[in-house]
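In order of appearance the chains are A, B, C, D and E, and numbering begins at 1 in each one.
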Amino acid sequence: MVSPIYILILSLAIGFLLSVIDKTNRKFSLTAFYGVLTFNVLVIADWFYRFLFLGVPTLTINTAGFRAPVSINLQLGVQESFVLLFTNLIGLFAAIFLYKKFKESNISSLTLYLILIMGVNGLVMTRDLFNMYVFLEILSISTYSLTSFGKTGKSLSAGFKYMLAGVTASTFFLLGVVFIYYFSGNLNIDFIQASQFTNYGSIALFLLSIAIFIELKPFPANGWALDVYEAVDSGIVSVIAVVNSAAILFLFYKIMPILPERFLNVFGIAGVITFLFSNMLALKQKKAKRLLGYSSIGQVGLLVASLVFTANAPQHLIYLIVGGFFINHLISKAGLFWLSGIVKHENISDWNVLRGNRSLLILFGIFLFALAGIPPFAGFWAKWELVKLLVHSKMLFALSAILLGSLFEIIFLFRWFTLTVKSDIAATIPRWDASKIFSTSFLGVIAIFFAAMIMKVYYGFSLIHILPVLAVLVIDIIDFLPSKVKGLLSLLAVLAYGYYIYPFESNIQLFFGIIFIVGSAVNIISTLNRTGKSEGFYGFLLMMIFSFGNLIIATNYLEFFLTWEFMTISSFLLILRGKQAQKASLMYMIFSTAGAYLMMVGFAFAPQLMGNSPLVISLANVQLPLISIILLSIGFMIKSGSLGVHIWLPEAHAEAEADVSSFISAILLKAGVFGLLLVGISYVKFAPSFDIFYWVGWIGVLTAIVGAFLASFQEDAKRLLAYSSMSQVGYIVAAIAMVSHLGWVSALYLAFNHMMFKSALFIAVAGIYYRTHTRNMYEMGGLIKKMPLSYITVLISIIAVSGVPPLSGFGAKWLIYTAFISNGWYLQAGVLFFASAVSFLYLYRIIHSIFLGQLKYEHQDIKEAPVWFIIPQYIFLGGIMAISAFPNLIIKPLNKIAMHYFGSSIRIDGYSIFSELGHWDGHVVMLVTMGAFIVPLLILLLLVGKTQKVKQFNIVYAAERPESPQTTHVAHNMYAHYRKALGGWGKPRIWNFWHSASEWTHSLADYFRHIYTGNGQTYVLHIILYVVVIYIVMGV
Amino acid sequence: MEKKDLNEIEKEMKLANEGLPEKERILFSDARPSRVEPLNKYLEQFVNWARARSLWLLAFGTGCGATELRPLMTSRFDVSRFGIAGRPTPRQASVFIIGGYASIKTIKRIVRSYEQMQGPKYVIALGSCTINGGMYYDSYNTINRIDYYIPVDTYIAGCMPRPEALIAGFNRLKEKIQKGECDGMNKYADNFDWYKKNQKQIIKDWNMPDYNW
Amino acid sequence: MNLVMTLGFLLVIIGLWAMLTQKNLIKIIIGFSIIDTGVHLIIVSIGYIKGRTAPILDASVSVADAANKIVDPIPSALVLTAIVIGLAVTALMLTFVIKLYQKNKSLSIDDYQELKW
Amino acid sequence: MKNILKRLNEKIDDLVVVKQRDDLYFIKVKREHTDFILRYLKLDENFKHLDFMQAVDYIENNQFQLTYMLYNYEIKINLGINVMIDREKAEMDSMHRIWPHLWQYQREIHEMYGINFPGSPRVDESFVLEGWEEMPPMRRDFDTLEYSKRTFYPRPGRSTNDPKEYMKEKLYHDFAKSPKIRRDDE
Amino acid sequence: MDIIIRILYAVISILVATVWGLTLTGIVRKIYARVHGRFGPPVWQPFLDIIQTHSRRVAISHGYMFFLGPVFRFAGGLGTYLFIPVILGSTVFGNFSMGGDVLLVMYFIFFGQLGMALGAGEGGHPYSPMGIARGLSQMSAFEVPFSLAIISVAIQYHSLNITTIVQAQQGSILNWTLFTNPLAVIAAMISLLGMNGHAPFSIVMAPQEIPIGPPIEMNGSFLGILQTNRGLFAAAKLILFMNLFFGGAAHPNILVALLIMMIKTFFIYMFSVFVGASFPRFRPEQSFRFFLKWPTAIGILAILYIAYL
C-alpha cells in the first residue's frame, strides 16, 4: 500500500533527476522515465482495486500535518482513482508510443512529460483551489513546452496561441480563486458552499468556473485548441486531448457541487452547443488531426453536458453515462491520434494506406465505431441511457441537439471510414512502427474489454445477444480458410442458430423466423460461389443474420435496439464491400443512424415493459404514446425505404456486392417491416386518438407508386430491382398500417412472397453480372439463348411480382385490394392499382432488356450462371410455385397469426378463400390456367406448318438488314415517352431535397468555421466575448 | 445410291453466306429454303379457297406503280371488298406487288422482302417495266425482267395500269390461287441456285445472307 | 473596493487592451505581464487590512496576537506563487517568440495564421 | 443584279455572263477562282443558298461543266456558276467547307461522272449504284443500252414505236375530225 | 364426370364467345369502311383471315418464348373469359367464375399481355419493344380510371363478385350501374377506349411509326392464334363491361339471354368503334396524360360520390 503522494513526489524527483541521469546514458534515463510512469499506474491500479473491491474508504492525505482547511489536502477515492488510472495508463502508453522520439529527443521533453503527468495527478487529487491553480499551471506550462516537441513552425505558432488562451483563462481562474477566498475565507472546496456567495459573490464562482470551462474548449472560444490539435505531434496531442482534458474535466466535476444550479444549466447547454457545433463544423474538415480536434472538443462538450444533466440521476447511471462517454472518448481519441501518428498523412482520404495492415484497419474501425457510439462500445450504452434520462427529464431541446450532433459525428466519421476503406490508394505506405502499434492495439483491447464488461456485468446480456459480435470474432480467427469452407460453416451456423431459437412463443415470431433465418440460409448458398478468401465477409454476414434472429426474440427495448444496431452496422459493412460502394454505404449509414436515433427516442418515450416475453407478445399490452409511435414508425420506415427517406435504398442495393444485394432487399427490408409490425401490435389495442397509421398508410401507397415509376426509369438492373423492392415494401407498409385482419394477412403474405421472388431475382441478376460484368441492362440482351435457367427464374419471379394469376403474386394483390376496399381506403386502393400497373413497366423492362432482344457479339460465348447461383434461385422458385398452387399452405397460418389480434375476416373453404367482398380459389385458377395454356399450345403444334428456327438478325427491318446488335436492341431509356408525359412529376425532387439539405449543412458548417481565423488575438477576443456572453446569460 | 455422311448432307443444306463478314454469320440463319408439299387435295382446295379470299398485300411501294395502289384502297375502288388488305410486314403478307421499274438498289430490297414472306406467297408484277424494262429498257440501273430474280404469278401490263386493271389482275390471281396454280414459293426453292446466281450477278455488294429468313 | 484593487483592475484592462490590439508579439507579452501585475495587485489588496503589518512572525509580532496585528497572510502567499508562475509563463512565451522569430523572421501575430478553420 | 455583276467584274477579269431569265443568270469562272467567287457570293453578296450542284459531260470539248446554283433570298435571283474542268483528268476542289451539304452532291457526281473531289467527306461511298464496277454511267461514252442488254436479260419480242405515229394510228385516227378545243393563249 | 361436363360447357361457351367476338370484329370493319365511304370486307372476313394465316406452309420462329408468346396470349384470353360469368344463372355460360372475382379477371388480362410481350420481345425486332413499351405505359394509364371505376362499383354493391354485381342490377333498367353510378361508367368507358386500342389510343399498333408494333415478327399460325384471341378477348372484355355496368345478361331462356348479351356487347363495342372511327390518334405522352387527367378525376369523383354521398 503506497501512499499516492509518492506518485507526485517520485514524478517530480525523477523528473528533475533525469537530466542528471541522462548524462550517463539515455538508456538509464529512459528506464527511469518509464519506471516512474509504470509505478504510477501500478500504485493507482492498486488503489483502484482496493476502493472498488475491498471497500476501502476514501483516502484523504493531509499535507504539512494539518487537517483541511488549514492545510492543503489530497483526496483519493474511487472516482479519483478511476480517472487517474485511466489518465496514467494513457500517459504510459502515449509514452510508449513516443518511445522512438523520446530516445532521440532532448531530455527536457522527458522531464516535461513527467511533470505533465504529475500535474494531472495533482490536479485530480487536490481539494484546494489554489493548489488546483498551481497544478493547472504546472500542467499548462509543461503542455505549452511540449507543444514544440514536433519542432515545426506550425506547432510553435499553435503553442503560442495556446499560451495566449491559456494565460487568459488562468487569469480568470486566479481572480476567481482569490475572490472565492475573499467571500468565503476559505480555499478548500470541501468547506465552501454555494450559499456563501450572494450578490457579487457569485462573480467569484463565475470567474472560477468559466476559467475551467474555457480550458474545456467550449464553442466558439476554442480556435486555439483546434490549432494545437492539428499542429502538435500526435503522441503529445493525444495526451493533450485525453489526459489534460480528463484532468480538467474532473476539475470541473470537483467544483460542480459549489456552483449554483443556474450556472450548471448554462454550462450544460453550452456543452450541448459545443457538441453540436463542433461536430457540424467537422463536416467540412479534410485534415485528420483537425477533424479529431473538432471531435474531441465535441466529446468534451458532451461530457460536460452529461455531467450536468445526470446530476440528479442514480449513481450507477451517472457512472454508466459519464463513465461510458469518458472511457469512450479517452480510448478512441487517443487511439485515433496515435493512428494519425502511424499513418502520417494529413488528409483523411489518404488514410487508405491503413489497408496495408489489416490489424491497424481493424483498430481504426474499433476506435471509429467506439467514437460514433456504435455498439458494443461504451459510447452506445451511455448514449442510450442519456437519451432515456433526457426524455424522462423532458429536456427535449438538449436531446435533439445531442442527437443532431451525433448524426453529424456519424457523417464525418463514417465518411472518413468509407474513404479509408474504399478510396484508391495513391499515397505511399509508411513503415509500421512496433511500439506505436503496440500502444494502439492495447487501447483497442481496452475498448473491447469495457464493451464486454458493460454488456456482461452492467446489463447482464446472455450469450445469444452477444452472438453477432462473437460471430465476427470467430470468423476473424478462421479467416485464413477458403471462402467455400467458411460459407458452409456459416450455413451450418445459421441452421444451428435457427434450431436453437426455434421454439418460439408465438406464430408471428415463427413466421419472421422463417423469413429471416431460412431465407438467409438459402441466400447463403449463393455466396458459395465466391472464390479466394473473402476476408471478413462471412463474419459480417453471420453478424447480420444473427441480428435478424435476435430481433425476433428480443424481450426489451434495449435488446431490440442493440440488435438493431448490430444489424445496421453489419449490413453497412457488407454494403461497403462493394467496389464503388463508398457513397452508397455512407448514405445508408447516415439514414440508418438517423432512424436509429429516432427509434432510440421513441423507445425512451415508451412505457416500461413487464415480464420477460418477446416484444411481439409484450407490446400487445402496452400503450405506446403518440410521440413514440411516430418516432418508431419513422425509424422503421427509414429502414424499409419509405418515400422521402428512400434515397439510400437504390444506392445501397446497387453498389453492394452482387450476392449481398439479395440479403439487403429480401431480408433486411423485412426488418423494417417487422419493426413496424411491432408498433402495429401495440396499435391494435391502444390506437391513439390521432390516427397516425392512416398517414403511414398513405406514405406506403405513395412509396409503392413512386418506387414503381422510379424503377421503370432505371438503366441499372440492380437499381431497378432496388426501386422495385421499395415499391413492394410500400405495399407492405400500407397493409400493416391498415391494422386490420385482412391487411395484416396480406402484409405478411406479401412479405413472404417478396422475400422469395426478390431473392431469386437478385441472385439471378448476380449470376448475370458474374457472367457479363455489367449492370447496365442495355448492354445485355438476348441472354435467353445462353442462360435459359436464369431466364426461367426471372420469368417466374416477375410474374409473381406483378400479381398475374396463377402465381402467388395474385394472392397478395387479391388480399391487399380486398383489405383496402373493405377497410374503406378507396383512394389508396386506386393508387395501389396504379402502382401495380406501373410495375409491369419495369418488370417487362428487366426481362426484355436482359434476356430478350438482340444478343451482343461479346456475349455470344457466354455460359449459364454458376450452379451456386442456380440452386438458391430454384429453391425460391419451388417455394413460389408451392404457395401458388396451394395458397392454403400460407394463407391458413397467416390467418391464424392475424386472428391472434383481430377477428377473422376471411373464410377458407377447401381451396377457396372468401372475404366479405369476393372470393378466390387459387387451385381452380391454377388448373384453369393450365388448361387454358395447354389447349392453344396443342392447337399451335397441330396447325403450325414447318417451323424454321431463325437467328437474331432474321427480322424484317424495312427491307434492310440491322446494322449491329447494339443499335437494334431497344432497351436504353425505354420509357422516355412516359417520362415526357409525367413532365414536372418526373423530377427527382426528394433526391434534390436531401442533396440540398446536405449542401446547406455543409455550407453552413463552412460559413461558421470561418470564425477560426487562425489569429491568436482573435481567439483571445473570442474568449473574452464568450465570458461576457455567458456572464449575461447566467445573469450573475 | 452413294451413302453420304450425315454431316455432309447437313453442310449441303446450309448456305455459305459468303457475302457476310465472318463476325456477322452467327447472327443470320444459314438454312436453305426447301420445297414444302401442299396438303392433301381436298384440304388444299379448301385452304386455297380461303387464301384467295384473304389476300394480304405487302405494303411496299417498290416503284412508281405504287401510286396506283393507293386509289385501290379508297372508296372509289375499295379492294377490301375482295378481302384484300395491306399488311405492314412481309412476315404476314401473302401478296407482293412489284410496283413498276426496279433499280438494282430496289431489287436487293425486293429479294429480301420476298424471302421474308411466309409461303405460300404470290407476286404480282405491275407495269411494263417489270415485264421487259418498259421505258427504262436501256437504263444502266433498271432491270428488264423481274422473273429472272423472283418467281412472278401475274403480270399486269401498262404504263401505268389503271386501278381497274389492277383489280382485274387480282381477280386473275385469285383464280389461279383457287386452281392451285400459284406455287412460286416452291418454284423459288427448287430453282434457288439459278435465282441466286441471277441476283448476285447484278447485286454487287451482297451484304446479306444468301437467303433472308 | 479600495484604490489598489481599482488600480489592479485598471491594469488588467490596460493589459487586456494591449493583448487584444497590439500586433507585435512582444507587446502582447507585455500586455500579459501588465494583466499579471494587475491581478497580483488585486490579490494583495484583498488580503490587506488597514493598519496592520506584514505577516511575519518576529520580535514585533508575537504568535499570540498575530491574528490581530498582521494582514491576512494567505493572499500574500498566493501572490508569491502567482508571481513565480507568471514569470515562468512569461519566460516561456518569450522563448516561443524567439523561436518563432528565428523560423519566420516576423514578430507580427498576423503572420502566424497558417492554421485555421 | 447589275451592281453585283459589276462588282464581280472588278474582282476577276474576263467574266462571262449569260442572262437566261430576269431571275436566272449564269457566269462562267475559272476553276482556280471558284472557291474565292463562291465565298465572295455567299458572304458579301448574300447568295446564302446553294440549290444544287450538277455536272454536264461536254465530250466534244473534252470537258466537264460543273454548275453551282446559288440563290439570293433578298433579290430573289438564281445565279449559276459554271466551271469547266478537264475531262481527262477530272478533278475539282471540294467546296463542302462553304456549304456543308455539298458533300452529298459531290459524292453523287463522283459516282456518276467519275469526277474526283479530293477531301470531300465520304466521297468514295456508293450513292445509288451499290457495287458498280464499270465506267461511270453518266459519261456520254458509256453505252447504256449495250450494258443493259448485256446485264438485264432483255425479253425478246420487245418492239419500239414512235409515240406520235403510234398514237395517231392507234387511238386518234379520227383526230382531224374531232372538234378543236380552243386554248386560252391562242 | 362432373369435370368432363364442365369442360364441355366451357368449350361451348368459348366457341360461342369466339364466334361472336370475331363477328363483331367483322362488323366493325364493315362499319369502318362505311364511315370511309367504302363497302368494306364481308362480315366473315376475319374467319377467312384466320384460316388463311393458319394455312401458311412455313413458320419462322425466333425461339421458345417466341413460340409460346401467342400461346400465352390466347391462354390469357381464354382465362379471362373463363372467369367471367357470361349469363346470370346459366351453368353452361357460367364458366369457371367460382375461381375468383373481378380482381382475378382484371389481373388475368395481364397474363396474356405479359406473355405476348415476352414472345414478341424474343423476336428481336426493335418495333416490338417499342410497341410493348407504349402498350404497357398506356395500360398503366388507362388502368387507373378503370380500377377506380371498379372500386366505386365494389363500394356500391359491397362486393367484388361479378355474379353478385349482376344480380344487384336486375329488375329494372334503372338498376343498371349506368344509371346508379354514372360517373364510374363514364370513367370505365373511357378506359375501354384505351383497352381496345382504337383511335385516339391506337399508339400500340400505330401503323405509321412502328408498323403493327409487337406482333411484327408474328407469322402464320402464330398470327392466326393472335387473331382468334382478338375475337375472344374482345368478347370477354365486352362481357365484363356488360356485367359490371350494363346489367349483365339474364333471362330464363338461354337463347334470349345470349341475344341480350349480343345486343349489349354490340352497343358497348359500337361506342369505342364510333369514337375510334372519328378521331385522329394521340401521341403516346398525350394519351398517358389524358388518361391520368380527366378519366382519373371522374373515377375519383365516382368513388367520392358513392362512398361519401
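Note that a residue touches a chain if its C-beta (ideal position, glycine included) is under 8 Å from a C-beta of that chain, and two chains touch if they have at least 3 such contacts.
Small disclaimer: the values here were computed from a predicted structure and weren't measured.
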item: Chain-contact steps, minimal, separating chain E from chain B; value: 1
Contact clusters after notional removal of chain B: A, C, E | D
item: Per-chain CA centroid nearest to the all-protein CA mean; value: A
item: Pair joined by more contacting C-beta pairs (A-E or B-D); value: A-E
item: Far-end chain from chain E, centres as C-alpha averages; value: C
item: Centroid-based (C-alpha) most distant chain relative to chain A; value: D
item: Centre-to-centre distance between chain D and chain B (centres being mean Cα positions), rounded to whole Å; value: 37
item: Between chain C and chain D, centroid-to-centroid distance (C-alpha), Å; value: 107
item: Interchain centroid distance [CA atoms averaged], chain B/chain C, Å; value: 113
item: Rounded Å distance between chain A and chain C, as computed from the means of their C-alpha atoms; value: 50
item: Sequence positions of chain E contacting 2 or more other chains; value: 56-60, 216-217, 220
item: Residues of chain B touching at least two other chains; value: 36, 89, 91, 213
item: Pairwise chain contacts, counting only pairs that touch as defined; value: A-B, A-C, A-E, B-D, B-E
item: Complex interface listing, chain B residues touching chain A; value: 23-24, 26-29, 31, 36, 60, 89-91, 109-110, 112-113, 116, 207-209, 212-213
item: In the complex, chain A residues that touch chain B; value: 857, 860, 945-946, 948-954, 956, 959-961, 965
item: Chain E - residues contacting chain B, complex; value: 29, 33, 36-42, 45, 48-49, 51-53, 55-60, 207, 211-212, 216-220, 223
item: In the complex, chain D residues that touch chain B; value: 126, 128-134, 137, 142, 144-145, 147-148, 151-155, 157-158
item: Interface residues, chain B side, partner chain E - complex; value: 36, 38-39, 46-47, 50-51, 53-54, 56, 74-75, 78, 80-81, 83, 85, 87-89, 91-92, 94, 118-120, 185, 213
